[in-house]
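These notes open a run of structures that come right after.
Next come two complexes built around chain A: one with chain B, the other with chain C.
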Partner chain A sequence: MTAGRLARLEQAFRVACGELGHCAAAWLFVREVAEALGDAGVEGLRDELGRSYPVLDAVARRWFEGHRAPHVQPEGVVAACAGAARVLVVGLEAAHLDALVPLLPPDVRLGLVRSGSLEADWERVLANFGGRVEGADLGDFQRWAGARSALLTFAYGVHDGQAHVSPAWVRVSGPDVRAQFRALIAWDVLRAPTYVHPRWLVAVPLEDFSHVVGP
Partner chain B sequence: MRPEQAIAATVLVGALVLQAARPQRRMLVVMIGAGLSALTTALAGLGTAADLLADVPWDVLVILAALGLLTQVFVASRLFGVLAATAARRSGADPRRLLALFAGVMFVVSGLANNLTALLLVLPVLLTLLKLLGVDRRYLAWTLGVLLVACNLGGAASPIGDFPAILLLGRGSMRFDAYLAAALPPTAVALVVIVGLTLLVVRPARGLPDDPVARRVSVAVMDALHREVRLDRRLFAWPAAALAVMLLAWVVAPRESGLTPELIAWLGVGAALAAVPALGERLIRTRVDVEAALFLLALFVMVAAVRRTGVFQDVATGLAALPMPPVAQLVVFLLMAGLLTGVFSAGPSMAALLDVAESLATRLPPHAVYVGLALSVCAGSSLFLTAATAGPMAQAITERAGLRDQDGAPLRFGFSEFLPVGLVSFAVIQATAIGWALLAVARG
Partner chain C sequence: MPPHDHHHHGRKGPPRKGPPRHHHHVPSSAITAFVDRPRIDALLAPWVPDAADRAFVVRCILGEGPAHHRGANFVLLALLGLLVEREGRAPGADPASVAVPLRLPPHLAEAREEEDAYPLAMPTRPIERLAARGTREFEAMVDCLTDGPPQHALANAAMLALLDALLAGDPPRGPER
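Up next is the complex of A and B:
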């Protein structure tokens, strides 16, 4: 891959990560590059960008293992959210949220914390859910707290008693907050460990969660 | 020049220069200017502040506010985002097609809706695509520049597109259908010429590598970003129906019936808002562009003061006394209008020059003068990035988007980047304005 193409792909990848999530963006890029350039293209993408984007690296590895799409099974999350009247999502994974939202009862209020490491047009992000998901800010996320509230985040690999999650999770999940929510759920969207330094992510102990779905 | 003439003209020109030089204080400048103008006419015995306020064309302000609210209902329906996403997809991420498609979309949208609002919603989508594609400084400058010029041309193409044409409609200088029939063809021709020159002669995309993988990925990402962004048909249907009825009424209702353009806008937009009452109430309370209305109000007061001193009449008389045929006087007037607009922007120029145009229109076919003036104002609006409000706004949105070239250097879109586009566009639109006016005079 030429330096020019890589620079263009990296800029595009950051845009996609910001509004789709690292996992959804990685699967999209791997699929498109594979269709255009074959496995050699995916290898090149992984070699050049994988070090900076560990989720892309992991997804490319899964591609070579024969997987062709992200593993999206929201039933476990739906079960973990049972009884919740409000579900607040911290972090963004478009493919997984797209699958989850229609399965939650219509009277469950859904929120998405508008915070991420990369720039995003949050109005556009939310417009994809047709009004079903509301935007929430880090400053007032506690309005969502309560005995019938659940806090959900996406994990990028669960292993050795740890999960890698979006840094936004650390900002909302202090010990005082844990008592304010009925359930704290981690949904493993990667289903594989990251092999390079997990830039963009932070490691948190699994005990932080009441439910870990997916591994 | 009598003292009161000199003072009123100095206040007007001084305020216009100051607001152009210090746009961040422009509201303060024009409001103080309006107050000083009223003081001048009061002390000179030419009229009180109440008299000046009575001279303000409130009908124009009503049309502007009403159409602004209608645009906000379209915004709530997600029309502009969907349009932009569709254009992005249809372009296949081909840089040339992208430029032409977005220019065409903005031309049409600006003819029917507030172009500032439309640009505010369309530009981020375009910038996302440009970020995905990875463009260079030259391509960015020409694409955004042509987009802004297309907004100006679209605004001049229809009687409800932008302030100059709305002023002509509101003051009864031209009927809706007459203006549309006269202005749409030359503005469309000017757009085609500018886009054609850009694509065939300037060729801003020539520095970009033809990368099918980047194009493919860009289209896939755009699809994913807008995967479920849909037009809210219920919210779209009401303003669309109201706009259709308003367009029909503007064309067929005779002015003498009392169904004047501002009343049509008032009733039509009122009906559209009443159809979605909760949203309508919220929009009226929060989305009326008070800043634009106050800015224009202050301008109208200053212009009314100058008019009462007889300056415009003297300018018109001076123009008529130029030792040249009326057609040549028209050409001078149109050139002057274009250049003045480049410096002072469209609103002030049009408000000040319409009085002179009315004098010219007594000796030449009125539609030649008025449409020539609207096109010249459009040319001036396209000359500098600062000549139209959309320019600085586009600059700010582009800076926020944080585009970088393939070497990682940040991409800017500012005054100097826009200037080549502005010079080409000014030349084309001004030539179109003069050519069209001469043709209209020849046809009588």
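Up next is the complex of A and C:
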């Protein structure tokens, strides 16, 4: 893969990370590159972008281990959300949300905190859910709090008593907020530890969550 | 080191009179070790029958806030639970229970149609022994018990529930002064 092509690919990949999520973007790019250039292309993609995008690095490794798609099983999250009237999502993983949203009862309000490490057009992100998911901001997301409310985030590997999550989770899950939501849910979307230092993410103890789904 | 020498901190003279002072804080892991969540979960089941609701309440009482509150909440609730068990008192619902509200930032709470509350209500019958219902004094006591962070307010509500069970068998009485 030439330097020019990679530079263009990185720009596109960065936008995809912002608007689809690191895991969804990584699987999309790994599969597309594999289709166009085979395993050698995936190896090149990993070599060039893996250090900057650790989730992409981990997904490429999963590819070489024989996995061909992200692990998306929302049933455990649906169970953790049982009884919730509101579910507020912190962080973004489009493939996982696409699978989860239709399984939640229609009277459950769904929200997405418009905060991420990468720039995103949140209007475009929310439009993908056809009005089913509402936007919430860091300044007022506690409007979603309640005894029938759940706070959900995505974890990128769960191991050694820790989960790597979006920094937005740390902004949101302060001591005041923790007691305002009935369920604090981590959904492991990567199913593997990252091999390189997971920049973009932050490690938090598993005790931060009332439910850890996936490992 | 001679016995009790650690209480003196180099102080000369005869040993201090009265109970030994407790100077040393235990590590928080020692608190984590004795806080038995399933025990309190089982204790609160009559008041919060839904398991997920109860898990939320127990987390707020024993899993959030400073470690010393978690530990103190466990000790006091477990001891009250022992008393309820020893006295053979059956927990009963207090029709005059009050909601323990979620404390949201005021500007966000105002924007909501209705106030949300935790799934454990606080019985108020025991408070009648201290102040007549409907008085300013009674209302102030209820307010004190349900205010503050949830590790206080919910622990207070749980303790009132257990106290209500303990006192329920006694004839109703007015303020005892």
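In the analysis below, the second predicted complex is superposed on the first by the 215 of 215 C-alpha atoms of A that agree within 3 Å, B and C clash if a C-alpha of one lies under 4 Å from a C-alpha of the other, contacts with A are read in each partner's own complex, and residues count from 1 in each chain.
Just so we're on the same page, a residue touches a chain if its C-beta (ideal position, glycine included) is under 8 Å from a C-beta of that chain, and two chains touch if they have at least 3 such contacts.
As the structure is a computational prediction, the values presented were derived from the model and not from experiment.
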Partner chain(s) touched by A:E19 [first = chain B, second = chain C, both, neither]: first
Per-residue contact with chain A, leading partner among chain C and chain B: B
Contacts of A:A179 with chain B and chain C, given as first, second, both or neither: second
Which superposed partner A:A82 touches (first chain B, second chain C, both, neither): second
Partner chain(s) touched by A:G130 [first = chain B, second = chain C, both, neither]: first
First (chain B), second (chain C), both or neither touched by A:R8: first
Which of chain B and chain C A:D140 touches, first, second, both or neither: second
Partner chain(s) touched by A:F29 [first = chain B, second = chain C, both, neither]: first
Common ground on chain A, meaning residues reached by chain C in one complex and by chain B in the other: none
Residue ranges of chain C touching chain A (in the complex, touch as defined): 50, 52-53, 55-56, 59-60, 63-65, 102-105, 108, 111-112, 116-119, 149-151
Chain A-facing residues of chain B, complex: 78, 81, 124, 128, 131-134, 209, 211-214, 216-218, 220-221, 224-230, 402, 404, 406-408
Interfacial residue positions of chain A with respect to chain C in the complex: 82-83, 140, 142-143, 145-148, 175-176, 178-180, 182-183, 207, 210
Residue ranges of chain A in contact with chain B within the complex: 3-5, 7-9, 11-12, 15-16, 19-20, 24-25, 28-29, 32-33, 35-37, 41, 94, 98, 119, 121, 124, 127-130
